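Below: a set of structures, written as structure tokens.
Consider the two complexes below, in which subunit A is the common component and subunit B and subunit C are the respective partners.
After this line comes the complex of A and B, so read on.
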């Protein structure tokens, strides 16, 4: 095993290349620029292709085209570029094109602040495409090592589910430096539990079957009977149609191929939840502060637990069925994950701790935890206070 | 090691805040320890505010946040003004008193050296102040990360004037020896 000190950006590149990515198209943006920079150096070494696109709209369309040409492809950006993926993301969803998208969230809205972390695209990552009628897979790394591991997994899921997979990171994961282990041998790969799925080629002619099955190879243009691939509702053979029955079948497939195989997607870490009176919930870098707060809180005698979401979408309602209060910790002021937790947790009380651009401290989280447990109002300056829900 | 070590470095863009954090972090990796480093910076890195937060530990690192730095290299007055409040009586604050004034009554361990002037006088350029500070930081850390680990990383992470940087590192260690040999953390 190779042991190095590297950024999440570099880890994502190594994960992608190991998973078979051979095309990267992107447009530089802080804090994801180093992904493009690294790929421009690394891909030619692997007989792959790097393209600097004219913008993010083109970048993801190029990746879609490359995937339809038989290559595993990836693009990466941050918030202001991510919104420009919307059009191409919809194409990839509907035409079932395997592709991997990285979004390193920074401070928003819009261009916001570049070199500081945010978590403002939790819902955008679920609803990036217009028109609804789909489910999507979103993974959220919390460390440099996990950025590597989840990139490998993203490529695996993209192939098996025939869909775009999003890695929703944050500035601290991608810009941050950490100890990174990279496999060098087959034994290393086994030890890291890495799994891969090679690109298959659909033999045609029924490219879009009305089924929730996975492991159906994608369309690879020029390698078979020439399935059409457009942004319109497809017939079984991939031609455009206005037939509403065929649309029902298509939407059903896009939703249920994902919902009916969640065992391959769902992932989370839980800490000390069994007897917890209060459970802190987070994803990405803030979840690491939550983990420290749980350890520290337990030492202080608090019945505190923690949940770290590793896969964000589809949302894991089942994790929030315990009789406990929930405190959702996010890098935004408006509260996004908290809305989903409140929906899933139903009758339980759900609270929100949010701030953008700076991680919480263990001290701050434990103070808020204590206040919730004592039934007090969360004592923060007025503009920082959100009492999200019923106590 | 029973506790984690928190190292905070902050200053303006272009001062080498990130590079200094990288050297500290990578030296820890070379020594077989776990390391994390968060970096924050503005749009225009050169001249803007920059911070690196380095955690070094025997165990895998959960929170990567510096809450109470064991070591704080304050390269600008703004850095001290902004993060000085995180310091505890055990915090070692490294600063150039010509540039960064720390109040008399601040309850911290102060390590003041006119690093830029020293670097300019000794190596002909104030830019070597950073590796001089790394030398002082490494001496403060003690045997946890050896000078050989630091030297290896300085050679890897600096692209120009490698020998001068290595010399500045050892000069920092020598300065620590001559001024604070009796210091006990």
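After this line comes the complex of A and C, so read on.
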């Protein structure tokens, strides 16, 4: 095992290259620029291609085209570039072509603040394509090491599910420096539980069957299979159609190939939840403060637990069925993850602790926890939040 | 069905979607003729399309490998695809005037700049016709359309004063031609030359939309009358630029560059 001191940006690049990524197209943007820089250095060494695209619209479309030709491809950006991915994301999703997308979230809305962490694209990552009728896979690393591991997993899932997979990181994960272990031998790879999936070629000429099956290879052009692939609603041959019955089949496949195999996707970490009266919920960097708050709270005698979401979408409702209060901690002021937790947690009381651009402290989270447990109004400095529900 | 249709097109899509009297199908078939004349087979070509009349007419008609991209972005997709495909595979993109010259211009120009090995065939029907007939950047000046009820007044790029193909040339395209669909063999010959260009080629084939442009602008749905007007529509046609071989093709240059980097690394 190689042990180095690196950023999340570099970790993502190493994960991508290990997983077989051989094309990166991107447009530099803080705080994801170093992913492009690292790929420009690393890819030529692996006979891969680094392209600086004219914009993010082109960046993801170049990746889509490369993947359509059989190359594993990745792009990376932050909010202002992420919104420009929408067009190409929808194409890859509806054409069912694998690709990996990294979004290092910064402070929004829009250009906002470049060099500070935010979590404003929780819902956008779920709904980046217009038109609905789909499910999508989003993974959220909380450390440099995990950025590496989840990038490998993103490529694996993209291939098996023939779909774009999004890595929703934040500025602290990608810009942050931490110890990074990189495998050097087959034993290392086994020890790290890394799994890979080579690109397969759809035999054609028919398109994907109307089933929820995964491991059906994506269309790859250039093998003279008569493959046809587009973002139109497809016939069974992949031709464009306006037939609503065929659209039902298409939408069903897009949704259920993911929902019916979610055991391959679902991932979370839970701390001290079994007897918890209150469970703190977070993903990405804030989850590290939550973890400390749970340890510290337990030392103080609080029945506090924590949940860290590692896969965000499809949303893991099953994690929120315990009878407890939930406090959702996010790097935004508007509350995004909390809406989904409240939907999933149903009758339980769900609260929100939000801030953007900087992390909460353990002390702040424990103060709020105390207030909730004592049934008091949650307060902190000038900002007040009440129970999240619109009572 | 013609011999070319049987040879190259999927039977269930061969009839196409274009209206009676439209030049789209004849223009599409000129591409097939050029392929045939070049001795290329189904296995030699990957065929991509955009959206609109041209995309809907041509997507998945090709019996070989085929794809449709999002509106205006197939040039970026083709850039990635080019790197993934072996150099001997040809990429043909059939797109509309809106796709190439307005919504996709940024990507078209960068594809030309890189001299990506693709043949872009712009099927120019003088406006946005699949949405019912609105003006585009190639609509003749002063035209009454559904979105210019008092006649177009903005400067166009239609070769009447300003010509978008000058921009494409300056961007770095290595072969550019423009023809009308009425020119018989000339467009076929130009497309055949384009297919021999390892780098970026663009061939524009112009024809008038009878159903919308004819009715709204010319006041007639009569095919002969529309084409009578079209015969005297001033356009500079022919091979407008040929610098084939003057610059390396993108994917070849890219592989060379990667090899150089690896060799240098070994030297160190």
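In this section, the second predicted complex is superposed on the first by the 382 of 391 C-alpha atoms of A that agree within 3 Å, B and C clash if a C-alpha of one lies under 4 Å from a C-alpha of the other, contacts with A are read in each partner's own complex, and residues count from 1 in each chain.
The rule we apply is simple: a residue touches a chain if its C-beta (ideal position, glycine included) is under 8 Å from a C-beta of that chain, and two chains touch if they have at least 3 such contacts.
Keep in mind it's a predicted model, so treat the numbers as computed, not measured.
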Just checking: does A:179 make contact with subunit B only, subunit C only, both, or neither of them? Give me first, second, both or neither. first
Partner chain(s) touched by A:363 [first = subunit B, second = subunit C, both, neither]: first
Tell me which of subunit B and subunit C touches more residues of subunit A. C
Is A:115 touching anything from subunit B or subunit C once the two structures are fitted on A? First, second, both or neither. first
Output check: A:91 vs subunit B and subunit C. Expected answer is one of first, second, both, neither. What do you get? second
Touched partner set for A:228, first subunit B, second subunit C, both or neither: second
Examine A:295 and indicate which partner it touches, taking first as subunit B and second as subunit C; both and neither are also allowed. first
Per the definitions at the top, what is the overlap between the subunit A residues touching subunit B and those touching subunit C? none
Subunit B - residues contacting subunit A, complex: 21-22, 25-26, 29, 34-43, 45, 61-65, 67
Going by the contact rule at the top, pick out the subunit A residues touching subunit C in the complex. 23, 25, 44-45, 47-49, 51, 53-55, 57-59, 61-71, 73, 87-88, 90-91, 95, 219, 221-232, 237-240
Once bound in the complex, which stretches of subunit C touch subunit A? 10, 12-13, 42-43, 46, 56, 59-60, 63-70, 73, 76-86, 89, 106-107, 110, 254, 257-258, 261-262, 265
For the complex, which residues does subunit A have touching subunit B? 3-5, 30, 113-116, 143-144, 172, 175-179, 285, 288-289, 291-293, 295, 359-363
